[in-house]
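These are the structures in question, set out in turn.
Next, two complexes with chain A in common: one pairs it with chain B, the other with chain C.
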Partner chain A sequence: MEHTSLLERILRGAALTLVVIFFMFPIVWIFMMSFQTNETILRIPPQLIFEPTLANYTALITGKLITAAGTLDIAFMRNLWNSVFLSTTSVAVSLLLGVPAAYAFARHKFRGSEDIAFTLLSFKFAPALLVLLPLTLYFQKLGLANTYIGLIWVYQLICLPLILWIVRGYFEDIPADIEYAYRIGGHSWFATFRKIALPLAGPGIAAAGLLAFIFAWNNFVFALVLASADKQPVTVGALAFITSSGIQYGQISAAIVLSITPTLALALYAQRYLVEGLSLGAVKG
Partner chain B sequence: MSQSALTISGVDKFYGPIDRGVHAVKNLTMEIAKGEIVALLGSSGCGKTSTLRMIAGFEEVSRGTISVAGRKVHTLAPVKRNVAMAFEGYSLYPPLTVRENMAFALKAARLPKSEVDAKVASIAKLLEIEDILERYPSSISGGQQQRASLGRALIREADLHLLDEPMGQLEPQLRAVLRGRIKHFIKERGLTAILVTHDQTEANALADRIAVMEGGVLQQFDTPDRIKERPANLFTGTFVGEPPMNVFEAYVGTTAGRINLRLPDGLSLDYDKDAFSAPVRDQLLSRERVVIGIRPYAVRRSKEGVPARVSANQWLGDQTHIAADFAGGSLVLVEHDRTRLDLGAPINVSIDPKNLHVFDQASGEAISHGMELA
Partner chain C sequence: MTAVVSQRPKPSGFRISKRVLPYVLSLPALLVCIGILIPFLTSVVYSFQRYRLSQPWARQFNWGDNYISFFTDPKFWNTLKVSLLYAGTTVVLELLLGLAIALLLQKRSTLNNFISIMLLMPLMTAPALAALMWKLMTNPGFGVLSYLASLIGLQDFRWASSPSTALFTVVLVDIWVYTPFIMILLLAGLRSLPTQPFEAAALDGVPRSFVFFRITLPMLTPYILTATLFRLLDSIQQFDIIYAMTQGGPGDTLTVFQVEAYLNFFQSTNVGRSAALMIILWAITYFLSNIFIKNWLRLRERARGQA
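Let's look at the complex of A and B:
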């Protein structure tokens, strides 16, 4: 480390603290709200001291939302499961299709390869709402509306281009000669893809998969239009908290905490491997 | 030696569409016998690496055929060609140690462990990398990686060993030692090797025959001695040899029974008609203009020679390189003693007709070398 003065260290610490507070505040506030009732949340001025309650979580987990107007059934746990299922499956399908495709785009220049790759990327340019109307009509005709398969299919619009383009870059960074050396050593190209290219691009694939998972998890419009209650993910399911007797801030907060927990956990878990993989993957001599 | 290890016939390489893309290798035909070491020598972009990669199967052959040990291989996948290769960029597998890298192909071929260990040990000793066998590629130097990569190729039993710039990263002393050892290793085992290099010392030291390439065209394919003594054309003549051959354009004329090679600046090299053999004399006299080439060590200083003026004088520790302004160009001569000549000093040089290389002025093809026709 270079030499730094005491003042510099104090200032740096203060600046870092400010940044952390700034970015963490909403999450911390939501976390606190999730342990409060609507009454304590809506107090003016807001207070940091309150009596924590688990009522919000209980309501979500049991599926019974007790409001001033009576008891409502909410399918939050079902929604959470839908989110997990839809995101995981979509990313898995995308990885299955996207990683070999990315390898092909990275290693083999064929007629129109750039055009195809760009077309796939251009899926991300189209405003989702514009695509949705015709898509809904087709899906209804095909019987895909309100099915998991249909949703996973549409989620490929989110995941596939992302994975394809990120992973392609990682494959391109691997010197082709390493693969050639393996192939000339008596292995087929498929073995080379599996044993050399995939492990070396591993961190990239993990990063792309993680990112795609988060995007899929956060998706709202596709699921809103194409799925009915029993297939909806949490993002859409959260609408149920806007009830006739008011917005249930406590439950919404608890729902947010529960729904960001899986992605957060995944990110924290994968981060270790990402950093490790990136520093180990020093390919150049 | 009679059996052919590699036959390349009529091979073209285009990057991009055939006949319209970049024409990297042009109508290449060559045959390499079993047990031979051949160097592909040329400057960057001359097509030598493209040729090597076509043999290995990493580049498609646009036209023509390649056979290894009598099998047509140019459409086969690399794995089916039974060739080994050392890459210029080393291309070691990062997650494996040097030992594992070297043993890799042998393990894939299911050799017993004791045999693999013995082979790795002997190659490692040969290349002086015994002490880094357990290290990972990212933690060793470029020169060590290069030797590991070379070891990975040499350890295999293959019909053909392809070595792309195998010693570019090594220190000069080590390079000289390893050249000898590697040559011995290849010869002892009767391997056939093709090495790509731009270093003519390496080509001369290692190869039985050298293929000089330029602009995608094979210029000459011959033994190192013959390439030096009888260059097929102006390119080979000037490319091979250190310092390079001196080249001048000359008009051929005769006065009073003597042959004059008239150079720019009113200079002329005059020779007795009988100084040339009859066929060479006939060839010379049938032309108006030629290009003459003289190796630097064949230029002599003499009292009655043609005047020149010293423009540089370098003592290299074992020989003197003198550059002189001569006939509108520069003439380099090599002397084995330390020569004290100041800049601008006038000297006279003479050239023995036995050491004269004559080339066609238009095509650059060799006409004669000394007393013999090309």
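Let's look at the complex of A and C:
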């Protein structure tokens, strides 16, 4: 069948090794930095072998950083909680609103349905600040600036189009005949939706929810513009952290590790759904 | 049949609800549309105004002045140039690299699947945090990459803090984050190609370069187009990586559209100019996304037709 020479196999192996090193090195390096004290971090040349310490993590978790100059308060745990709360709530709200809407788009061709769908799709690609900057002024007038409700509302702009488009595609793939058969059996519209459509579209809903969570968690600009310190998620918090605590590189690394672990763990745990969602969202819809 | 009909509880009520139901269900989507359209129209209005947050009393319509002044504004041309350069460089490099990696991982094996899962990790890292990670690694004092650069003779390589290498550095971070995206799409494409043409080519002893350029590449084109346009739309709007890394600096080296609009709004409080910048960026993305949506709908039809 396929005959590959030894040379080619060596070259392929070398290329793959380089690829893995390039894409894995930053994560591994930051992970290692997070277990070092500032002294070992600042040593030149950089050390591969060091005595690991948990001091950075305890400082973040207890919120107290003890330095020679005195004790410093760190609000990083607050940022982490904000990220968890904002992402989870936004995705839950999005699923609640978006899945029935996706079903309506897939099953009922009504007047204006394509217009709504098209508007949502084309604005999925519009620059975020185009919408966000006027919103900041509106939010200040409405009293929604720097509130969780306001942020969750705005996060719908990330989650809802994604869920609508991916889940709609899954609903469209379910043959309508199955649902008709169930309806003829005398079941209500809602029972059909719950017992037939929802379970069949389950993998799609899971993929969409997972992607929406990751996009919400990784979002930066929405919270940068609309939230102040006590409501900020990790993406914005970690940036502020750098300037406020100066040169505590160990803690910054530990903060980055804590911030990226949830999405990485989710991605690894459910990578099949994720790949499906990504390719569907891009190619099929 | 009669039994079924008699089971229907209230025929008239059911009919009305059936007509209203889709509208009720899609109400949230409609609300989101309105929620997007109102600020969008507000932006259009702002872009035709002289509007500075610091001088609210001087707010008035100046119609096209914000746009007209762009023609003679070197800062605007710099923004346009940097944005296009950034988008072009990242997309071309990520496409080449993503295609190469997808080809390397094409064969289904435990090792290849494991590597492709590992490569998901940069994509799952928040771009703003990825920029922070690279900022730590390129720190002139202790950064491991600065150290490695000095080993290969690049003494005092300043990465993102020097105007001559700042673009290179943010492009590198963009490549690190987003190449896996293209790789995943193209890998899915490669693995879904029909096998017959390749078997026939192998049987006929066709050279592999011919197979690649005449069979693989044309069949992969829809995937490549989709991935390219997706990335292009995203990349021309890049904010997170550049803002987290350099805040548009040093100087105005990296003031791409969104960064420039953000700085205009919050630092010089020039809402009118900021809105006009966003409208121009929107026009560019609208043009690109129209191409994309048409192509995407066609692909969707084709995918349906084959299924």
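The criterion applied here is as follows: the second predicted complex is superposed on the first by the 227 of 285 C-alpha atoms of A that agree within 3 Å, B and C clash if a C-alpha of one lies under 4 Å from a C-alpha of the other, contacts with A are read in each partner's own complex, and residues count from 1 in each chain.
What we mean here is this: contacts are C-beta pairs under 8 Å (C-beta built on N, C-alpha and C of every residue); 3 or more make two chains touch, one makes a residue touch a chain.
From a predicted model like this one, the values you see are computed outputs, not experimental measurements.
Of the two partner chains placed around the shared chain by superposition, chain B is the only one that A:199 touches, whereas chain C remains out of contact. When the two structures are aligned on the shared chain, A:263 is found in touch with chain C, with no touch to chain B. In the superposition on chain A, A:184 makes contact with both chain B and chain C. Of the two partner chains, chain C is the only one that A:97 touches; chain B does not reach it.
Touch criterion met: A:175 reaches chain B, while chain C stays clear of it. Within the superposed three-chain arrangement, the count of touched residues of chain A is higher for C, of the candidates chain B and chain C.
Judged by the document's definition of touching, chain A residues 184, 186, 189, 282-283, 285 lie at the interface with chain B and also at the interface with chain C.
For chain A in complex with chain B, the residues that touch the partner chain are 175-178, 180-189, 196, 199-200, 280-283, 285. Chain contact summary for the complex, chain A toward chain C: residues 1-2, 12, 15-16, 19-20, 22-24, 26-27, 29-30, 33, 41-46, 97-98, 100-101, 103-105, 107-108, 110, 113, 116-123, 125-135, 137-138, 153, 156-157, 160-161, 164, 184, 186, 189, 214, 217-221, 224-225, 234-236, 238-239, 242, 249, 252-253, 256, 259-260, 263-264, 266-268, 271, 274-275, 278-279, 282-285. Against chain A, in their complex, chain C makes its touches with residues 4, 7-8, 17-18, 21-23, 25-30, 32-33, 35-40, 42-43, 46, 100-101, 104-105, 115, 117-130, 132-134, 136-137, 139, 141-142, 144, 147, 176, 179-181, 184-185, 188-189, 202, 222-223, 226-227, 230, 233, 237, 239-240, 243-244, 257-258, 261-262, 265, 271, 274-275, 278-279, 281-282, 285-286, 288-290, 292-293, 296, 299-300, 303.
Chain contact summary for the complex, chain B toward chain A: residues 56-58, 77-79, 81, 83-85, 87-95, 104-105, 108-109, 137-138, 142, 145, 149, 152, 156.
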